[in-house]
């Protein structure tokens, strides 16, 4: 870390910083410029927050961090991409992060047994290899449908038995965790819980893979630090999921940050998938952005599918019906549009 | 709610919408324009999500909600401002939302017994009427200081006994709730937990007032809906707290949305306080924005104070020392700058 | 447009609105709900701003627009995609919006004759079909390099003669327009000038195609309305360019809004290209996001290339060298990663 | 500036950076840490962009700037606050940045002679000391009212003669500048033109004070750099104006960044005023946020006032009528709400 002194910093103020850097467990390194002095805190064993707090010491202009704060999720720690295996009772499980792109599909919420079983069979027929479905739903308003809870978990298990598709479902609370672990193959952390650290700490101790959605206002760095909670706590079966961020744009539900997928994969070895349903909130755009997600390097997509979107208990406007979902899957195999060659 | 049909919508598509609106428990009302038709869903007993989902029905352009989705927190439900009383063992408690502005102060985290007791006595002397201090700290990185936990709670209780100041501290998890209720006078929901619905549902059943911070990417409407979880679950002792939102501006830690305080008070009867420490992240700006918070209508401020900010275990850069805090308090009583009168 | 009355609106207030809607040239249409009344302003010939201003009339809660405000750029006006032809002295010009994807490449700024000619020949060899290069540079600071001006225009013309590549360059001011029209084949409106309406009005009268970059905080709707200035003023040779928007994310220079390309193409018949260089600001991500841009439906990409990025007078960090650029072009023809097939 | 080498940077790569720093006119200063090496570029006469571009050199992780890029607008250059005098034919002009707060009021656009003269007399009676009114209007859509142009300028001059209030009006184009200079006392740069550098360069040569609005997505640093264009070009009669930024919040027209006023005044000696009308877009909030603007340190406010807001040709929803404006002015002199004193 680097402490930038103000233009008029006195020798005494610089001395004070040098001493504080030593107290914090780093070696100080001073560079005196014509206009200002900078003091680097060198070493890896010191207490970073003590250097950060020096920004309010007299004579200091600002403090700049130069190293990335995450470790276990970093490519520097582990250059090879990780592969996370989900399910596995049959057929060896679904590999996320391997050579092939994984398609996860299903309704936003489990509305009923009929709806889920019909969707599960339909998405499998179309080419999905995992099933999604919400049992516990985080809803902005207390008056909206909050999910069927344990009843939904039982229906999800029945669908898995019927289709062989491993199941991912959201966990909203440490109290539901044991129960959900019994029924699901993968636990999802919703976007609004990305920095629910109590939840992350418990998930770090669980023997199930975790799907960690990016928070609506989380930077890529904060997202990776949330994953770091899981890895440093003992669970390295983590898949990241980009689902759009909140910006000024109102033409879509979120701003789908597809470039962040490439950046996350550059910085981290963890697999990254994309959620085009929440990313755009618009049925009509899902085919195009799903192709873009694969093109940019996503290891999979997670898509909301409902037999009759206009009757869905949640997220109808962004859900595909089964026919539309088949078209999206087919689109993933179509070649890219050709490039105009230069005239010679 | 209003369903806007597309320009080329057919009679049959319009009929379908009319029927669906009836099925959802509303009365349909059709307005045929020269270019397009709109169908209003009239009534208050229907299922809103079924109307929302019609945005994907054939012939529909979009669906617009016209009424506010919150009820119990609304000024329409209760025109008079609410007053929340905190503490009360001595002197009748601190009233938030009454005629006078409340000042809550203390360190970001309880670092040690000495630090907290010194701060508590100092902030009381300067004019604070409540004490803040973190025992469980939400931290972006797992490698940062996570709080002293129960030890900090005991120190906070000691400080309350010493000074008479009621104590507010953050609760991060349903599992810690009973313990924290024993020690604290008010429970804080941190910004990153504003939409931790499991936490909100449990807090709704607790007999303590709640300080609900606005999430870093929450709209005022979403913030009020989070409060609605508390009121609809049985706890109406809720104080809102604006603490800055996340934007593109990097010159301050957050963008302190002072106008949102005026808006929240216009829409809701709940008291609203301001957190200038997180709102700006800069010691040097806290005096000015605290005055602005009072001017815009805040019922109080919550400020981070530390005997030695550059030695704070967290949030040093935005903490005031005791001398600076006294100046901030004095500034709250200074008159506004006079207005230039027109020449006659 | 729809005027939503407040819950307690009186008959007299409703009558006032009905009359105002008539005065504004629309027909009023009243729907009385159990809780509130809405009044629609029906018709296409009225004055919209008079209805918008009713939001402050007594008894009104809010006013909602339901139709899109743009006309000539809309798909509803012209369902078939437009094709814009650039250049054309030789080989019939470059078609943007046709079956093939167009690659535009070149340096951020024309730094010198040698640099530009080397780049122009190199990008042509690698597969580019148009040349970019800044003569007049919009720079955040007055102390940064502002471009070589007319000298750069002459060098660009020489490069075009040498390679046959049509040239696009930015116009920052109405005063430079005639000059730039003499030298360039396409005029670029920079992101920060997207709502420079004086510039747009002049460009509407020019006989050259225009490349209209999206503003860093412009919604897709505002972007299309900026294009509407060009079309309504007489110039329909317009290509849109997505180049990233400003958000809270600091890991990349901008948030590259790839989904907005799909949305813009759904709403408008105009061609849309993507600028991965400004969109991410990171050399290492440009290959991945360029593929994603083509996958999401972009009609082309515009990429910054410099023979020696670390010596560029501007935008070095996001420029590719010629070898990297060749790899990006090759990547555009590689097939998408295969999809994992379900186990049967 | 500081060049941070990657963890595995070789000696040869470090040598290359050292040499490049010398070539760019700085002295290199190397700090070798246990994990990584940093190289500072020391001195003030070098070419900054050459150091920035090193971020793509082999072995470099990133490049960090440590000094502020603006000079003439900085408090470091001129510690005392600047005072800008507007008008002055009568009564010595209006001083912005002096002891008293200045109130500028008037309609968004000059709609007619009657409307403007009535408003001018009314706002003067209520206590305004300057008049605003748009002759040339930047409008998002080409189909909206674009202003009366020269006719409006003549009406503004008549209003000034009638009331003695100096006039500020927006200039959108270099072509209108001479004309507007004849009629107006102060030239406004609208938010969307804040980085219209051609316009700024011309304004730098004009002998009139400039009101520079902050762009909707401009950081405080970018705003000050826009002002730096004016000062470095020769015009130091500059007043900054905060008018809200674009964020995800949809409950108000913009997010009014009141804290940025305090930050701008800390960094710069220039006067700063606030525009609560655009800052919130809501009539009902303008009183509260105007008080907050004065409390946070603004040197004045600029408010939209219209004799009949619901008949305004532009910005009706955020305009005050004369009675409301009087109440806002009165509110600026009311004392702040008292602070609850601690029980002893």
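Going by the order they are written in, the chains are A, B, C and D; count residues from 1 in each one.
One rule holds in what follows: a contact is a pair of C-beta atoms (placed from the backbone, for glycine too) under 8 Å apart; a residue touches a chain by one contact, two chains touch by 3 or more.
Keep in mind it's a predicted model, so treat the numbers as computed, not measured.
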item	value
For chain B and chain C, chains touching each	A, D
Most distant chain from chain B by Cα centroid	C
Chain A and chain C: spacing of chain centres that average the CA atoms, whole Å	29
Intercentroid distance (Cα basis), chain B paired with chain A, Å	26
Two or more partner chains touched - positions in chain B	217, 246-248, 250
Complex contacts: residues of chain C adjacent to chain A	90-91, 94-95, 98-103, 124, 127-129, 164-165, 217, 219-221, 245, 247-252, 255-260, 262-263, 266, 279-280, 282, 284-285, 288-289, 291-297, 329, 332-343
Residues on chain B engaged by chain A in the complex (per definition of touch)	20, 48-50, 52-57, 63, 69-71, 138-145, 172-176, 192-193, 195-199, 215-217, 222, 225, 228-229, 232-233, 246, 283, 309-314, 316-317, 319
Contact footprint of chain A on chain D as seen in their complex	2, 4, 7, 29, 31-36, 38, 40, 42-44, 61-62, 64, 66-67, 76, 246-248, 250
